[in-house]
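Next come two complexes built around subunit A: one with subunit B, the other with subunit C.
The block that comes next holds the complex of A and B.
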């Protein structure tokens, strides 16, 4: 009989015990798997979102996360200089503001108001109606609204929407302007429940008449296909040293060490505790199992089973326990990740398409290696016990007891 | 006002040029320099000390920098929402801040503030006061500081996340405990057989198992709470060092300790009794392997 068959018989001799052991490993393994997904999930998901927009560089005044309090002055000149760089394929100026949406029904809703100068690529996806007209200024002010706002104000493409803009942090008392809803869109970075609109930069300035009309919040930049974002960032820094250009990867790296670090650290702490727990579980189950079978092991040795064979039997038993529990942990972990992701995505301001738990092949490999290593380490003590067993003394003790 | 990272080299440079190796001692009467408080993190990062004169500007390029004397150092209020931010901050008298940050001659700008904090004589009037002020001053957002936590509050969500993980951990522990107790019962199979043989009834043996499990579970739960109480200090110290904050991350309160004991003890007792019952319900001969 092979070591594996022998280990299988030992493993299934007490089904209740085996089932409970496997269940314990499966639950602990599921938690470990989830923590590995969480450690990188946010960064992977955020990178996908950033890259999906179609721009690989962002340029802000002085910080990574753009805000209305930190603006780039002389936006027109900066945009011209950016577009003139041979390393750059396209650049778009973006300005964020707020607006009060006044509906004919009397509802007043505060909305995020974005103005763009140029083709914004995949920053939004039109789900109804049409995109912003190329010459929106000539055709009359057009605006795109997200689905949440459209539902709230019962808007469809072609409807009219009055907006009173506010581009300065201070509240303004600008007259409201009538926009025509050109289409309904999904913004790539919109949060659940967020009301968002976008129009051209010139229409945004008309609606909110800011103190500095030539200031923009940031530039979205696409590097040339043969250049790459790093070279383009160097080129931008060379001609515009006062600004803060950064690639998507630099942005994600910065988030990993700052904003996302809480989840990375909690996942590390929980993964460590989980591994320790798995070690305890496997070591205890195997040690107690070996202790109960000392007489049996001594008999086998007396019958001629080599020490290596006994060690192999125990290692296979450990592999069966960890392997079956570990495999069961994968679907269990996926279900748990789905549930936990649902909880965390309720955080305010989180983009709808951002996920905390993202399946990655690398995480699965790390999970398998960690669990296998823990299984081996946990099996070492019971294996040592069985390998060093004094045959005659054990048989005598078993016989007399 | 938070100083952007880009300003700090400027601040350091201007500061070192202005103060040399120590506080400036004026030989002649000088106009009073406005005073400013700096955060501990900023003072440590730039090697500043109380009494020194620094120059601060609202512009990243240092345009319009003004001199201020460091009147004191303060520990920023721990703010979980700004956990990962480097707290390089300064506190000005409001007129000094407005004077420093004014971008235009617009008279409205000198009269603008971000928010006004109000302390009421009777805090119970907060809701009514907020309603009243909102109706009198349309356009203002008036919020009480004691709003009930809604389901979308960050900390309510994190609490739910931690509770879900705790539940999974409890399930895993229960499986572990049951497996262990089943093995332990199996080890005591013959002892149970002998006890039955000398006349002890099943309920009597089960009562002993119950008491034993209760004592073991209580001891285990108390040791667990003790470990948590010790580890909380290490955990807090690590994260306070990591984020340079005075925020408390873990606090083992009596309520939490009680909740742990209330979950762990019944689980331990149940595992002990269930595993023993599966053994005791067999007949005596089977227990004695005869």
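The block that comes next holds the complex of A and C.
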């Protein structure tokens, strides 16, 4: 009988205790797994979102997160210089504003209003109708609306929508302009319940008439296929030293050390506590198990079983406990992560496609290693007890007890 | 080489206790010949079981010399003493100490497995041992499903699993009624007749009388024949 078979028989001799032990490890393991998913989940999900747009560089005036208060003033010149760089394949100017959507029934809805100059790649996905016409300005102002706004105002492709722009707080209310809804879209970064629209940059300027007509919120830039984003960022910094170009990875790294750091710290603290509980649980179960079987261990030793065989039996028992509980923890953790992700994503302003818990192979490997290490560490005391057991004294004690 | 299977010279065993050291065995000189049959009697606490543990290489002497097959036990590492116990010594305990989660068959097969006996040989020998102790019909039963006498017979079969040269039995009939004790005595006689040296520690005079040599212990000393 191998050590594994022997450990299995020892492990299952009290099925209720074994089941409770496995359940305990599964619950603790599920929490640990989830904390590992959470520690990197936002960053992974955010990077996927950024990269899914099709641009690998962003250029802002001075901040990572663009805002209306911090604009690039000479947008046309900057766009021209960006497009002239050999390291750059494509660049698109983007300006954010606000608008009041006026419904025929008299309802007013405040919407986020975005203007783009150029092909915006995958910034949105058309789900009904058509994308913005290539020559939208000539054909009459066209606009894309997201599904939430379309539902709110009962809009379909081809309908008319009156928008009153509000891009400049220094300007009084502008006259409303009639747009034709070209299509219904899903924006990659839209939040739950957000009303969002997009048109060309020139149409946005028509609707807003801002004082700074050449200002741009940011540029979305795609580096050349053989250049890579880092080299392209260096090239941009060379020709436009007053601006703030950064790669998607730099953006995610910055978020990880700043905005997302709370989640990392919380997940680290909870993962540490969870590991400690796992250690206590495994150590207690194995120590109780060994203490109940001291007579058997002493008998085996008296029969000639070597210390390392007794140690191997116990380590296998620990591996069975941790392995079965740890495996059960994966689907349990996945279900719990799905549930918690749903709760966290209801926070206002969070993009619909952003996830807090993201499955990662690396997290699974780290989880397995942490749990295995904890199991090994927790087994060390009961292993020590069994290995150093005084054989004759234990047999005497077992006899008199 | 002396030719003795076991040779004890001026053996002492002292247990340090909080209330002061307890001398369990002192000034014991003893030899066990291959194939011999020795019974040790004496009152409770006189050191019989400790002497048995010393002879079985479970304990090491505090002072004196113990030779097993010419090798000084006190100088051996734990792994080497384990190997001697596994391959050359069989233990039978008063309370059987069978592993409760294993069947009779598995209890008997386990020491052979540890000794690295090949599977086919192991199976054949286990079957042979079950027949030897008359329990071939109880092979698949766990200890909780066996009577006291049956458990002791399984324990004897387990002790014989690796064909030991010395069988040590500590009160093997202590938990059994008289008739069952007689059967166990007969079984031990048979083991002896098949060439295994026996040392039995017992309070049972009937069992002790089966031995060719009967010794008495008092206060940790061998004080002569019973």
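Everything that follows uses one rule, which is that the second predicted complex is superposed on the first by the 397 of 401 C-alpha atoms of A that agree within 3 Å, B and C clash if a C-alpha of one lies under 4 Å from a C-alpha of the other, contacts with A are read in each partner's own complex, and residues count from 1 in each chain.
Everything that follows uses one rule, which is that contacts are C-beta pairs under 8 Å (C-beta built on N, C-alpha and C of every residue); 3 or more make two chains touch, one makes a residue touch a chain.
All figures in this text were calculated on a predicted structure; none of them were measured in a lab.
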First (subunit B), second (subunit C), both or neither touched by A:1: second
Which of subunit B and subunit C A:237 touches, first, second, both or neither: neither
Touching partner for A:395 - first (subunit B), second (subunit C), both, neither: second
Subunit B versus subunit C as contact partner of A:380, first or second or both or neither: neither
Winner by number of subunit A residues touched, once subunit B and subunit C are compared: B
Touching partner for A:307 - first (subunit B), second (subunit C), both, neither: second
Touching partner for A:13 - first (subunit B), second (subunit C), both, neither: second
In the complex with subunit C, residue positions of subunit A that touch it: 1-2, 6, 9-10, 12-13, 295-296, 299-309, 391-392, 395-396, 398-399
Touch list for subunit B against partner subunit A, complex: 4-6, 60-61, 83-85, 103-104, 106, 108-109, 112, 114, 139, 151-154, 157, 160-161, 164-165, 168-169, 171-173, 175-176, 178-180, 182-184, 186-187, 239, 242, 278
In the complex, subunit C residues that touch subunit A: 49-50, 53, 56, 58-59, 78-79, 82-87, 89, 91, 93-95, 97, 99-102, 106, 109-111, 113-115, 158, 162
Complex interface listing, subunit A residues touching subunit B: 14, 16-17, 20-21, 23-24, 27-28, 30-31, 61-63, 70, 169-171, 211-212, 242, 244, 258-259, 261-262, 265, 270, 277, 280-281, 284-285, 288-289, 292, 336, 339-340, 343-344, 346-348
